[in-house]
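Shared between the two complexes below is chain A, which has chain B as its partner in the first and chain C in the second.
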Partner chain A sequence: MRHLKRVVTHQTVLEKEYDVVVVGSGISGSIIASELSQKGYKILILEAGPGKDLTLAGYEKYLNHFYTATSKDNNAPYKRNPNAPMPRSVDVKKKEPGKPNTDSYLVQNGPFISDFTYSRVVGGTTMHFESKLPRMLPEDFNILSTYGHGLDWPIQYKDLMPYYRKAEFEMGVSGDVSTQTFSKQKAYADDYVFPMQEMPPSYLDKCVAKDVDGAEVKLAGETYALKIRTFPQGRNGIPNKNYKKFNNGELFTPVGAVSEHQVEEGERCQGNNNCTPICPVQAKYDGRKTLAKALGTGNVDILPQTVASRVVIDPNTGKVDQIIYKSYQELDSEEHTTGTIKAKLFVLAANAVENARLMLASGLNSSSDQMGRNLMDHPYILTWALLPEIAGTTRGTICTSGISDLRNGDFRSKQAAFAVDIHNDGWGWATGGAETNLLNIVDNQNKFGKDLRNELVHQISKQLLLANMVEMMPDPKNRITVDPKYVDRLGNPRPIVTMEIPEYTMEGISFARQLSKSIFQRLGAEDHSKYDPMDYGYLEYKGEGYAIRGGNHLAGTHIMGTNADNSVVDRNQKSWDHKNLYLVGAGSMPTIGTSNTTLTLAALCFMSVDEMVKDLEA
Partner chain B sequence: MDMNKEQLNVFLEMSTVLTAFSEYELKGTGQLEAYFNTVVEIVGQGIMDELLNAFAEVKKIANNNEAILNKQLRFQLLSNDKLGPITRNIIKMWFIGSWYQLPNAWRENYGESQKDITFVVSANSFIEGLLWPSIDSHPPGAKAPGYGTWTNKPQITEL
Partner chain C sequence: MHLHPIETVKDLYNYLYIAIQLEHATIPPYLTALYSIHPGTNLDAYNLIRVVAVEEMLHLTLAANMLNAVGGTPDLTGEGFVPLYPTYLPDGETDFKVGLEKFSIAAIDTFLNIERPAEIDNSKGRATGLLKVNRKNTSILPSFKTSDGEELHFHSIGEFYSAIAKGLEKLTKELGEKTVFCGDYNKQVTPEYYYSGGGDIIPVHDLESALAAIRLISEQGEGYEGGIYDYEGELSHYYRFQQIKLGKYYHKDDTPGKPSGEDLSIDWNAVYPIQSNPRLEDYPKDSELYKEALVFNEFYKTFLKQLTTAFNGQPSVLLPAVGGMFKIKEMSYKLMRNPIPDKEHVNGAPTFQVDSI
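Moving on to the complex of A and B:
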């Protein structure tokens, strides 16, 4: 595929007419560009970050940047870019009383300080996401009417089902449908299978399962038997023969590395244990795989290093007239030019925070005043222990299995549901990884030679980290705002985050912590979890302290609803206020349940395409 | 840099004692010269000479007795204010591929080098870290063992 030829200049853009302008080349923007371009529509994508990673060489620069980075955080593969900055966990600091934290890209107003991140590069945050791809549960769509918390969706699970299938095809899901049976309703057609077989569970998973499977948990009058099961993942594995009937009689073909030339990479996961921040062989799905398909149609152009700066509304029609952008040549220079782009249809696909930021920076709060509000993420409480046996930790994908039994149940009228990941990469997320152990063994335990090596095995190969991902409901008070006081180098307003973890979620966090204690007891594992009051994410609840981590599952900021008074977009992610504007991605989701958001937002994008086509035909 | 071959051999031999990996395994990482050079660039040839001379002395006293060698290594190198932090940094380089900034006390007493910051020696040094083979694994993001291998029991035996 000749992707680079589709990276165009501003001069070219001026001379062409586009049907659709898409802001952002992440998964949402790429799906929409791919689907519409296959129907012949002319699309222009504006991407704030650099566009060099459409070649294998460009991707390998990212990889090298990761290898040589002293901090291997989610955005470690990318050079700092003050023209389109991105949040990095290494920049997060504890809140100072009485004033917001302002010295990194996200202005944090508190009271809760989150270390959530996203990536402003071609491919967006899917570049670093783990690619765990569970569907939401049928119950999640009616959570308010069923359990009295959160919001009901304007659509039902069954409306989204065919689009979930499309998303699972697009992202190449490996998994076993029979592990996904914790809904009380029918969530999959009887014979449905995922495109590829499940990722084999890790040896660590099996060490945990042998003592945890069958453990009973009593909650709100119901008894749940725990079972360690694999997660569906967007990662290349072995195609499932039974998928043929869902793929015109053909075996699913895994999508390999994105490149200008044929390369033998990306065909099957090799177990690099590095899905986050970067899969070195591109066996993991990322948005560029869909983008490459879009560019391959010849109907899509992409303008990298071009930051959408303002959405301009025609006062007579209420429609979007144009987008004003700022385009820069170099990452280390603030020099830029300003221009405008027109099209029939505009799609903002820049993620939940950036979509809201751009609209608010344009003075477009939405007639519902919900723009930027209802900001959600999945707060994580990490718990970690040392197993009594060597479990081979640090091998496999970042996570192959976990506990999903407490994702649903009547207890949701009282407390948040949660899912538990077994982290094959060990304690890294909580403690800094194997490097931390090494430094401690050398500097404090004073070991060298054989003793050092034996101690490494003892301290690392027995590590078990459970990442408890807890449900968080929409609350208009949790929000993104902007203020002309806080701008980035190009003068674009920076997002201001105001977030508080609701009591409903804290109840879930507290329960998850207790469950981990009980699991560690069953396993005979030493509980090493500790939460430092000086930690930026430290919160106390009912006398116990917790250090909470961001999940990067940002959602809710342009919430979907039934009318212009209660929401920003309709069921097709179309703006109620501006009839030629779509705001797409997790920002449209009214709730996020206990599902990592990407599969659902991908399904929503496939669904919206049908409506966009109607608009374009009209 | 013009590396003294004899010194490089002493550095290699010292590294086998510090890491419990053989000369063959250490050479196999391709990092020997890079680590030797990193030490010299940061602390200077003079201190490198002192370090290697001290190790030569330790070896002489030990006279092939492993217990004495280990004890003398602690006495002469690891417990020494000047040589201890460097020796520990050499261990860390072999295992994880990074140089770590020396402790403040060391920098005050023995001179600060502008190059003495925490850094990954190179992309390859990260990939060749010996921590990973020590636990029958591989560095995150490189030397992947292949599809599905993670489901098997690791092959780890105590040394």
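Moving on to the complex of A and C:
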């Protein structure tokens, strides 16, 4: 429990020897540190952000920061940190023709400007994620040979199955396996259940299901019947009795708040609506839960406020010799010390963008020249409407159910698959939250006092927002690069993003928009979706305009493949070029289907650990 | 004055009714101190008190399960179920009371008294369940009148429950387990309907499960055999509160009184200056505070009714009832943030006077 004792300074680090250095304390780095440390290996984690997040009080400071922030964007709980900056959607601006956007951390080259973000704090991007944890589909692993798009993986779904189970245990998945039936192949063993029962669908979900369940959609000659189903989620619910056989006969124990002392908080979700970005009671999984376990072994040290700056290769062996880091004292001062760290094995677990950025900043483009390329995300097209009746919007966690029936099918030879979320928080994502309604009621309807309150509740409780998450395939042209012209305050190069939404994805977006229209019709809901040409994410396709949002499911910058010519890492996420280097996380994924990436990247990390142990034993 | 050990099933009903009343009686004082803390401050203390309050709800539910198991009828709605605070404690010589107070050193001292461990003493006739009135002025159990007007006195909550355990064992031996545990199992609150941070709800249907429930209640309060943790490795209430007083967290293997963990950060001033042991008559009759205090009492009365319904065959009612506790928090803040008219620097607070409605 005394994990703060494992937070070290760089002076301490100089005097110790480590088997493994892990860059990044997010879910990937934490899983690897936790697994290897349990086998007795000595690990050092370098974390770019501050390390005060491992106490309940530290976490609650984030919460208060979020509550008092004017903008409730995904990184609102975290202080701006010019020494390890992170992208924020509030910083995104419409691109001016002919030159890149350079005035916030991400340099955006376009042509598409995305508002994607990730978090550079202890726990990484799980500190703001939504915690939907669907598996990828068996079909997703052979998408190129089956449908002629994207890339095939060097592994199959069944290779990953045991590791999916480990990941579902680690993150504590609540869900109902029997709803996960979108694959034509067998995706789960017959008797498998998730560790916890499904999160109950919201009242809004039920209102939508009443009219949508059973609706038929025709697509590429096939008919799909829609059904509103709950998502598997990394949120604590009621442990499933039938999971005992997958847990040595024991009931699953939900993991609550991270704390140095007993707090008994967060062992059950309370349905708070602001759970994205930050769950008030820590009932939502985040990487710190795994990290705390790792630190608890006594074999893991974490060096916070330390940015990995350069990976140095031994020219004789081709192996990583050391990592040069910059360690700063204060968030508001650029003063820092530069140091180096050596180990037997190096693991970059800093997310798809930062892994690629660090490698490229070190001049390591990989012999395949694929480093930083194939950048993917899930573009979202939001559609919103007003329901004819009060549907209890804003009750329950941010998203409990949606439509997954169009995640798979023969239409994928022509257009992207997609999944639809029903957002329990109303129109906020699209229109900026209740504030828009408030201003309208005050300014245009002249209401005040009790009338104002009633009208506000009345309007918001009928809001329905569908977030359509659309598949995006790898394209070498979509990429992260660096340029010495653009550096952050510590002098580290900033990521330059070049991204275009492929036509395949635009077909999916366009179809999703049409589907929303017919869903709204069935519900008798008034469609309020509007896409402003001045919106930074505005795109036109076949005469229609769409404002597209980033999904923060960044992937593909160091894809795995079958050889050193077509990929950056092998099936175990080991660098083809540097035998003691692993690049882990969603960056290794050649495709992302219509699954939020976290569960799959966690499974990949569990799989890589087996290979790392072999390396360390050798 | 003396008390008979449990001889009949009727005695048992009496004891278990008192158990429910006792568990409930601790909740208003804990909630009052908890919500008097300025939101966002005193996070360490806030969380410590919150957890104890949540576990008292668990104990309350366990006591109801026990009463249901032996065929009794839990009722949280009768007159006098909610004491009028401050409640005088058994010792006649001191004025020591359990009251509704803001978060303060004095309140923590009271809480420490409520959860004080029993002195381990197996030498005197306690094995029979006959409890001698041999109290120190720190003994904290409120005195209760039985239906016959008798007063009960116990040295600690743990000993009170140990008397129930003895009674259950005795009656089981005499009448047979099936006769004693004749309650309708469908009335049991099971884990589907109730979740508590520490410790699981135990459905009670026989002697073994009843004793397990008693053990959980006693040890969560006082610790296990003089240690600071209970048998599940959870820090007991007494030592949780003591951390606030000593300003340091306990860690595993610490000895009582010597916590070795991190410091707590406590700001005794970041607290609403609420009226101690408020009564409706403290608020001017036409004031908003008065109205809101009434609204609170009505809500609280409904809450107790819902719990009674839940404990009488409709356990699913517990889900919305417990959800209603969020509302208790909001309503408490409403009262505590507002000054009492004509009083200087004294704010309102819930009065918990449900009988006067």
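Here are a few things to note about the model shown:
FYI, the second predicted complex is superposed on the first by the 617 of 618 C-alpha atoms of A that agree within 3 Å, B and C clash if a C-alpha of one lies under 4 Å from a C-alpha of the other, contacts with A are read in each partner's own complex, and residues count from 1 in each chain.
Heads up, the rule we're going with is that a residue touches a chain if its C-beta (ideal position, glycine included) is under 8 Å from a C-beta of that chain, and two chains touch if they have at least 3 such contacts.
This one's a predicted model, so the numbers in the text were calculated from it and none came from an experiment.
In the superposition on chain A, no contact is made by A:G214 with either chain B or chain C. Once chain A of one complex is fitted onto chain A of the other, the partner contacts of A:N64 extend to both chain B and chain C. When both complexes are overlaid on chain A, the residue A:E265 reaches chain C alone and has no touch with chain B. In the superposed pair of complexes, A:P315 makes contact with neither chain B nor chain C.
Greater residue coverage of chain A by touch, when chain B is weighed against chain C, goes to B. Looking at the shared chain after the overlay, A:G256 reaches chain C, while chain B stays out of its contact range. With both structures placed on the common chain, the touch criterion links A:P484 to neither chain B nor chain C. Once the two complexes are laid over each other on the shared chain, residue contacts for A:P97 go to neither chain B nor chain C.
Looking at the shared chain after the overlay, A:I460 reaches chain B, while chain C stays out of its contact range. On chain A, the surface touched by chain B in one complex and the surface touched by chain C in the other have residues 64, 67, 238, 268 in common. The part of chain B that touches chain A in the complex is made up of residues 17-20, 70, 73, 78, 88, 91-92, 95-96, 98, 100, 118-120, 122-123, 126-127, 131-132, 134-138, 140-142, 144-154, 156, 158-159. Interface residues of chain A facing chain C in the complex, by the touch rule stated above, are 1-2, 4, 55-57, 60, 64, 67, 238, 256, 260-265, 267-268. Every residue of chain A that touches chain B in the complex is listed here, in rising order: 63-64, 66-70, 72, 200-203, 206, 237-238, 268-274, 278, 280-281, 390, 392-397, 400, 424-425, 433-435, 438-439, 442-443, 446, 448-450, 452-454, 456-457, 460-461.
Put simply, chain C touches chain A in their complex at residues 40, 43-44, 47, 51, 54, 191-192, 195, 197-198, 234-235, 249-252, 261-262, 265.
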